Structures are given as C-alpha cells and as structure tokens.
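Structures given as structure tokens follow.
Consider the two complexes below, in which chain A is the common component and chain B and chain C are the respective partners.
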Partner chain A sequence: MAGKITNSIRKLKASSLIEITVAMVIITFIFTMAFSIYVRVIASDLSISEFKMVKKLDQLSWESKRDKRFISEDIIENNYTIEKKITTDSSNSKLLLMELTAYDQDQKIVAQKKELIIE
Partner chain B sequence: MNKIRAGALFIVIVMALVIGILCASIMTISLYHQMHVSDNRLYTKLDDNVNSAVNMLLSDRVALYRDTSYVIDLFKLEEDSVFITRKRWGILESASVSAFSRGKKISVDFLYGYELSSKDSTVLYVPDLGRPLSFSGTTVIIGNCKLPASGVKRGNIEGEYFSGTQLVQGKVSTSTKNLPAIQEKTLTRLLSLLKGDSTSMYRRIGKLVYTLDTDTLINKFSDTTLVLLSQGTGLGGKYLEGNIIIYAVDKIEIPQNLTLKDVLIIAPYIRIKNNVQGVFQAFASDSMIVEENVVCNYPSVLGLMKTDFHVQQPYIKTGSNFKFSGIIFSYQNVSDLSQTLLSMGEKSEISGEIYANGFLELKQGTVVKGQVTCSKFYLKTKKAIYENNLLDITIDKTALSPYFVGSSLLISNTPKKIIKWLER
Partner chain C sequence: MELVIAMLISSVVISLTYKTYSIYIGLYGQYKKGTSRVEELSLLNKLLTTDIRNCERLEASSDGFVCKSLRNTVEYTLNEEYMIRKCIITDTFHIRILSSTLFWKDKEQTIPQQPASQIIIEGLSDSDTINYNFTKWYGSDILIQINQ
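== the complex of A and B ==
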C-alpha cells in the first residue's frame, strides 16, 4: 500500500523564474508589435465611408452630365459635405470644369474629382 | 503517467512564431490591398483625364493640328498630362488620346464627326435650276424640303400615278441655285491620294505593305498607317481592321470573303462583289460598282470624285438590296455635261446622308432614312429616261437614328460627336 502511494506522487518539471520572465517579455513584445501592426493597417486603409464617398462623387458626376445639371452647389451626404463647383473655361464657353470635393465633419478632404465636360 | 513539460520559453517561442506569421500575412494583405486601392484611384483619375481630353478635343478648346502629337497639361497643375493625336480618316476624323501618370497609362482611339442639324432641318435639297420635281407611285417624303421655285407636282411614270395625299409631309421652301457648300479641305488629301500615280505620297503618310503574309492584319490608330498596295485581287480570305489603306493605281476588287473594318479603299475603279459585309470607306475617281446584297455598316462611306475632264461619266452603281449606313457622296470640281452619277439599286436601304454633286438615281423601292442633297434626280426605266422624277421612293429623316453622326463634308457649325470607339 505504502509503495503504491510513493509511485502515485508525480514529479512536475517547473519553469524557472528567469525562463518565465523571458517568456513574458517576449510575449508582451510580440503582442505589442502585433497590435501596432493591426492599428497601422486599419488606420492606413481606406475606410468604407471614404470609399463610399469616392463612388458617390462618380455617381454625382454621372448624374450631373445625364441631367445637364451644371450649377455649383453643396450637397450634404450623411456626415459629409460634397462641394460641386462648375466654372467656365476661359478659352471656350462650351467647355466646363466640374470639380467635386467631399469634406468630412472636420473639413478634411476625403475624396476629389476633376473633369472637363461639354455643356 | 504522462510527463507534462513546463517549457514556458518553448511555448512562447511557438506562439511568437504563429503570431509573427499572422502579422506578416495581415501586412502582406494590407500592402496588396493598398496597392490595389492606389492603382484603382490612379486609373479612375486617368480615366477622368482621358474623358476630359476627349471633351477638350471635341470642343476645340485648343487648336490641335492634324498629324501632330501634343502633350497637354489639363488643369495646369503638372500632374494631369495627356497625349493627343488627331488625323483625317477618309472624310471622318480619328483621334488617339492617352493619359499617363506614375508609369500607368490609359489610351483610347475613336472616330468622330459632326452632329447632324436638328430634326427640323432639310430632308431633301434640290437646287433651283428651273425644273420642277415630280413624284409618282408611292413616293413618301417626310421632313422639310428645299426645292426649286417651280415646286413639286404629282407625276405619272409608265402608268404609276402618285398615290399619296400629301406630296411632302413637311415644310417646303425655295432652294438657291447652288448645292450646300462642301468642305474642300476635307477632300484635299483624298484627292491627292486618288491622283497619286506614284507611291512616294503613300510612303510619306505610312508604311508600305506589298504582300500580306498573314490572314489577319489589325493596325491601331495610334500606330503608323499601313498602306497595302493592292494588285487588284488576292485579298480573299483576309481580315483587315483599323489604320489600313488599301490602294491601287488602277482597280481594286473586294471579294465576299474579305472582312473589312474601318479601313480605307482608294483606287480609280473599285468593284465590291456580291454579299460583301463590312465597315469601310471607299473612294473612286472613275467608277465604283457595288454588286447585289452588299451590306455596309455604320460608319461606311462611298465617295466618287471627278477632277478631270477626260473621265467620261464617273459613277457609283449599286445592285439591288443594297443596305448602307453612313455617307454616300459625289464631288466634281469640273463642270461639263457628263456629270457624276450615283445610282442606288432597287430596294436599297440607305441610312444616313446622300450628297450628289451631279445626278442621283434612286431606283424603285429605295428607302432613304436620312437626308438627300443632289443637283438633279435621274431615273432610267425600260422605256425612257426621266429627270427630277421619283418613283416609289421613301425619304424620311425622322427614321434616322438619333445617334447618327455625320462627317465634315458639308460646312457645318454643329458640335463634334464621337462616331465610335475603336479601342478603349
């Protein structure tokens, strides 16, 4: 009976304090690096709303040409302001310059489009 | 009993490796995504710049000489450069526009012409040479006409009386003694090409090709023109497309199994065989015979030019069931009795413009969806020859496609329009 008790006691191999400390340092460094990479990737990427704005400008340009709506105006789209500016070319009255600029709430330019169009 | 290893450092290193691989994957995906987005934005901008350059060309904002290449900064910001080349292509014009930035480039080639005047413009113009017009059978004219002061009357050709209720379904006004003026500049180069009895002129405008080694020859409009020196025959089974001129000093035969797309054909005598289908501009100085069931799709051109007294009566004669979309014209800068003759075969269907500086024969059953301008009508039946008579003819401008774009043949202030995109 006593022999059985002696056999059931297991020897567990533990890590040393230095080993655990080094491991913690490494894992902390790795997680910090991974998180910073993740944040950088997310920040540098074109956000969905910005991408939507680029497409919105394309659509607005197409609609202006289709409807022959060649007037300067501001259009509010969700939290963005789109400025449509139409100017006549100095050398040719038939040719118009259409500039579309989308601003966010901080007046930062999100998307821009510039085209010469025939009236 | 199992032994459990407690190697914390080992586990951490494995985890670091896995996280590292994940991070590298995320960075790579992000990098490619950013490159894709950046390219997409750049191509969108280049596409806008190409459209802007095309509009600039069509609106004549800057004077661009033909056969010269220009690099233009669109918005004067030194970041929107475009490259433009334009040249005459028959009686139409072709242009190549490229926008480029950071090693990327978008190019377009297109043919352009001039918009036809608004729908209320003339459907039929016959100059006032003192002879009235006479309509017989089921002749239908829809649109405004400019006709001789002696007017138009009901006629009878071999028992075929005018059967309609109204001679002209539109306004009729008096024409002048002359045809609408033609843009001779448009024809100057064609005339010189037709007169060219040596290949030196063609050598200047393009690269000479003496024999065709391949069955298919496609030449872009942004490249140098290829001049195929034809021996009259031997074009069967080929496919020719784009910036190609087929030239012969005497005659050219277009066989049924030759496919042509946007090419020019220049020779004193041209014969287009039965059942030919294609898109081409053909110019002759002596005669052009178009056999039966030929189909010329838009934008095709048939042109006849008389510049010499020695040529008896230059003519274009088409067979029956001729289907044509584009412009048919005759031009003469000499005035004699043997004027040019355009003769459209029975049951022909013409969509576009006919301009005849000379005689125009519209045989029975011909339908013209577009406009007709001619010095005189001519009609030969089995029994007699009639002048200024129309028998069973329909001329209807309202049936012409609103997308039809004309050429620079007639002096016009109408806006330039794109006829077709050749490459985009």
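== the complex of A and C ==
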C-alpha cells in the first residue's frame, strides 16, 4: 500500500521554474495593460480643473458682453491660456461669433464655449 | 532548494499583489474624493441654472437670493461655510461663499425683495475658487409688471 503511494507521488507532474516565470511575466504584462486602461478611464472623467475652466469661460463671456469688449485676445489664467476669438458674420456685421477655448500647459483643450452675440 | 525558490517566488508575488492593491485603493480613494466634489459643484450648477431659468422673478434677500415663480419659491441662503437651498426639501452644499453680487440693469442690487437680472457667486471648494455666473432673462410681461 505504502509502495503504491510513493509511486503515485513520483509520477505527479509539476510546473518547472521556467514555466512559472513565463506565466508570471504574462500575468504582469496583462496586469500592466489593465492598469493603464483603468488610469485612462479615471483620467477621462470631468476633473475639478475642467469644471473651473467651464465656469471661468462663462464669466469671461459675461464680462466681454458687459464691457462690450469684442476683440480677439489671449488671456492667461493661472496655468491655463484662454483664447478669445471674435468673428463677424459676412452678411450681418452686427452678428458676432465669440469662441472661447481654454488650453492647459500642454496645449490640450480643457474647455470650450461658443456664443452668438448681437452687437 | 526548490522549496526555497518556490517560497521566494511566492513572497515576491504576494508582496507585488499587496503593493498593487494598495496603489489601487489609494487611486480609487483620490478618484472618489475628486468626483464627489465635482458632483456636488455640478449639481449646484445644474440647480442654479434651472431655478434661475424657470423662475418668474429673481429677487435679492437679506442673506442670499430667491427664485420666485407661481408654482414654488426656491430660497438660497449664502453663508461663509455653505450654501442652503430651500424648496420642498432642503439641500446643503459645502462650498465656502467668498462673495455674491446681484445686479439689476448693470447696477448692484442690494435691496431685499427687489428684482435682479444677474448673479455672480464666488465660492471656494477645498482650495479651488469657482465662479458661478448666471443671467436671468425676463419676459416682457414680467418687465412691464416690474416697471409699473
């Protein structure tokens, strides 16, 4: 009986060190990919800085209308650059299109606002 | 010898798993905190937008402003530490109010129960300054009533 048990243990198949290492490398690779996807999904959500810039563009739009400052200009706001672009309609000179775009330090668009104004 | 190597590999795997888990938990905690702040600020923005748009009259009050309409009245109380919205239910928004100004025809409106057409609220959430800027567009019938 004891001899039979010894024989069955000897015949048991096991993974070699190389197989385990290869498996670990594959698992690590998959894990790294999953992690990078997770981080990208989280980063794509609306951040507080984006929300702040959306509200900042609302404020700038109102200030421009209040002061009747309808000129194209760049405004520096902390680490962001806000580009204000005014274009006049070809058929009606009193109809203006105000485009406000906020860029971060990497020139990536953070927020955008377009508005038609009758002067 | 094989057992020692297997144990070493196991310890490396376990420590790596734990490290990754702690990184995930930390990242998720930051994400949850950030999103709950944005959610609260966005909700306030949405409520202010709809209340001001749907009301018939936007009026100044002693400690904030009121959005009056035939169906209901929404009262906003502005405080240094928070903002309270009183309607059917009461909501508290954890935003520090730095300043709030109401305007009527480009002039500052400070008299309670007098109409306003513009409101600017400067708030502070953690260390971020948020500017809320809303315009109330009145119908001509309401403007005639106000001017009478």
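Things to note:
Rule of thumb we're sticking to: the second predicted complex is superposed on the first by the 77 of 119 C-alpha atoms of A that agree within 3 Å, B and C clash if a C-alpha of one lies under 4 Å from a C-alpha of the other, contacts with A are read in each partner's own complex, and residues count from 1 in each chain.
One rule holds in what follows: a residue touches a chain if its C-beta (ideal position, glycine included) is under 8 Å from a C-beta of that chain, and two chains touch if they have at least 3 such contacts.
Small disclaimer: the values here were computed from a predicted structure and weren't measured.
Using the contact criterion defined above for the overlaid structures, shared-chain residue A:I118 touches chain B, although it does not reach chain C. In the superposition on chain A, contact is made by A:D89 with chain B only, not with chain C. In the superposed model, A:K108 lies in contact with neither chain B nor chain C.
In the superposition on chain A, no contact is made by A:K68 with either chain B or chain C. Within the superposed three-chain model, A:K52 lies in touch with chain C and out of touch with chain B [touch as defined at top].
In the superposition on chain A, A:L17 contacts chain C only, with no contact to chain B. Between chain B and chain C, the partner in contact with more residues of chain A is B. In the superposition on chain A, A:A34 contacts chain B only, with no contact to chain C. Put simply, chain A uses residues 20, 24, 31, 38, 45-46, 58 to touch chain B in one complex and chain C in the other.
Residues 10, 12-15, 19-20, 22-24, 26-27, 30-31, 33-34, 37-38, 41, 44-46, 54, 58, 89, 91-92, 94-95, 97, 113-118 of chain A touch chain B in their complex.
By the touch rule above, chain B contacts chain A in their complex via residues 1, 3-9, 11-13, 15-16, 19-20, 22-23, 26-27, 30, 33-34, 37, 41, 44, 48, 51-53, 55-56, 58-62, 74-75, 80, 415.
The touching residues of chain C, when paired with chain A in their complex, are 2, 5, 9, 13, 20, 24, 27, 31, 34-35, 37-38, 41-42, 45, 106, 118, 120, 125, 128-133, 135. Against chain C, in their complex, chain A makes its touches with residues 17, 20, 24, 31, 35, 38-39, 42, 45-49, 51-52, 55-56, 58-59, 62, 66.
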